Amino acid sequence: MAGRWQWFHRLGSPKWFYEKTTRWLPWLIGVMALLLAVGIVWALLFLPPDYQQGHTSRILVVHVAVAGASLSFFPLMAVAGTVTLVWRIKLADMVAKNAAPLGAWFTFLTLATGSIWGSVSWGTWWEWTDSRLVSMLFQFFLLLGVISLRTAIESAETAARACALLSIVGCINVVIIKYSVAWWNTLHQPPSPISMEVGSPNGPEFWVATAIMIVGVYLFLAVSLILATRNEILERENKAQWVRELALRSR
Amino acid sequence: MIRASVGAAFRATLKRDLLISVKRRNDILNPFMFFIIVVTLFPIGISPESAMLRQLAAGVVWISVLLASMLAMDSLYRSDYEDGSLEQLLLSSQPLYLLVFAKNIAHWLVSGLPVILVSPLLAYMLSLPADGYLTLVASLLLGTPVVGMLGSIAVALTVGLGSRGLILAVITVPMSVPVLIFGTLAVQNSLAGGSPLGYLALLGAMLAAAVSLAPVATAAALRITLN
Amino acid sequence: MTENSQHSRPLLQVRALTCEREERLLFRDLDFSLDAGQVLQVKGGNGSGKTTLLRIICGLNDGYQGELYWQGNALTEHWDDFHAGLLYIGHRVAVNHVLTPLENLRWSCRLHDPAADDDICGALAEMGLAGYEDSPCYSLSAGQQQRVSLARLLLSSARLWILDEPFTTLDIDGVALLEHLVARRAQDGGAVLITTHHKLDLPRLRTLTLGVAQ
């Protein structure tokens, strides 16, 4: 029993996290850079233009990857929030705190790439009948809500737990919003030719490029989150012995 | 030691909040008047044509109700936080979520119900066809408590903060979207000659979920923010 | 467990209580206990953590390390029992301005010990508020509102009172009255935890001064 919990609490130690990630980061960044480079070059240079959408289909490679990644933020924040509320592990909150703005940024990128693609494919920058973009917009609002709640509450401890609770409630809501918006759309008009499905006309080369890009973007997410969390650790633990030693060594 | 019973504490809290609202009057009047004023702006801003309004009526009423309940939320828990009654609520040996639920009910009776009662009149002014009234009122009766209870979580999270207007809106608007969707779909469906029961059942399911989960979340939020 | 161990155990026991707020240490390893019949006055300068200590004991603040026991049982496992035996009056007196004293007390009694209207009126009269039962509280002075809140002391059967600066707005008569109530509660087998800068004149008074050791 004690052994089982030991790793859990070690995992929650900011120092442990900092030291481990110092070792992992070069590898993560290397793999990420490789995958992103391959994915982008493939998408821009080697992917044959789509017979219907022409060159615009290339942005889908990025869009799909970013959209997939931005869907993972609320579950991530809800899990981190649960850990914060139940076990009071500070590290979980440091991750959650940085996940919210990052998630908002990813969601914004999803909306931006989606509407750039839409401006060519649908002839309009915004289309309410695409339920995925609409529910993304509401996810964006909710993330802004989490961020503004964090900045509004002065006490860091209270802010951490309030945001944790909001993330859990928000996570449930994002799911409900997603399904109800999808339903709303299918009822407002019959299934339209407008679809973001990376559909049949696309051959395996499109899928492979997208898959590489998805893994690359997830790694980018992980690296950004780890870097931000490391900064947060140094800031919050600036009185701890090991942080001072680190600062002395790096001087 | 004689303990106050759960039911008595629940009723006392409900009664107290209703009494405060009746004495303060603004709690009842503000959302009500706000609702009426917002609805009247739509025909002026969009079109006075009844053919056009007929199509928009359900959505206009629903959105105005949402805005009015957003306005009403501000008064929830505010004076209780300022005068320390909220601390007493937390220190009661009765389950906090039940007392919170009593406060939510009182708040809905005061700010939600009057708005719903006047909504058929405004729907008439927006030329909603006669088939839609019953569904509109039913959907509002089922939907507005959900919005109120979701709002209660957001208010509890921001209680004691100086400027929380925008935070409240950013949190509660996305959360209210599913309710808005099913509420307006129910009315539109009954106008198209279909049965709205499916959507009303969905709203009912949401209400059941909100009743069982939202007061617990609100209670947790209050314990966090009053820390 | 012998039969009289129930009685020999202190009503409230605090062990190794440490509280850090916003990276500032308020108090460390605080140990004290409160037996039935005792009054403990918590002293300390501004910002020494008096209110925080009281709020921690009440269960309003959980940002602490250490252990709390209520009649020998860990407090965190027995909140309901504890809250049933606790009466807390904080800085903010929990008196709604638009309600009358009677309406206010009706509600706060329902949360703890139900009281009949006659008893409430009697308590208000004893607090010197006879004739004000039905006036809205916004028409009362701060001291009178404090008295409305303190009337709960007369209506409560709670064994432990936790009072945070209850004397601030009271006049001389009010102070004497409250001191009398506190002494009587202690005599009746209750216990009182109180913060004040006021010099209390009570038998068996103990004091705890915060912000000295650090």
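Letters A, B and C name the chains as they come in the text, with residue numbers starting at 1 for each one.
Just so we're on the same page, contacts are C-beta pairs under 8 Å (C-beta built on N, C-alpha and C of every residue); 3 or more make two chains touch, one makes a residue touch a chain.
None of the values given here were measured: they were computed from a predicted structure.
Overall, the chain located most centrally, as judged by its C-alpha mean against the mean of all protein C-alpha atoms, is B.
Taking A-B and A-C together, the pair of chains sharing more C-beta contacts is A-B.
Chain B and chain C, compared by their mean Cα positions, are separated by 36 Å.
Here the CA centre of chain A is 32 Å from the CA centre of chain B. The geometric centre of chain A is 48 Å away from that of chain C, both derived from CA atoms.
Residue positions 155, 157 of chain A each touch two or more of the other chains. Residue positions 227 of chain B each touch two or more of the other chains. Residue positions of chain C touching 2 or more other chains: 63.
The part of chain C that touches chain B in the complex is made up of residues 58-63, 79-81, 83-86, 88, 90-99, 103, 106-114, 136, 157.
Across the complex, chain B meets chain C through its residues 1-4, 8-9, 11-13, 15-16, 19-20, 23-24, 79-80, 82-85, 87-94, 99, 226-227. The residues of chain C lying in touch with chain A in their complex are 22-23, 63. Taken together, the chain A residues at the contact with chain B in this complex read 85, 138-139, 141-142, 144-145, 148-149, 152-153, 155, 157-158, 161-162, 165-166, 169-170, 173, 176-177, 180-181, 183-184, 187. The part of chain A that touches chain C in the complex is made up of residues 155-157, 239.
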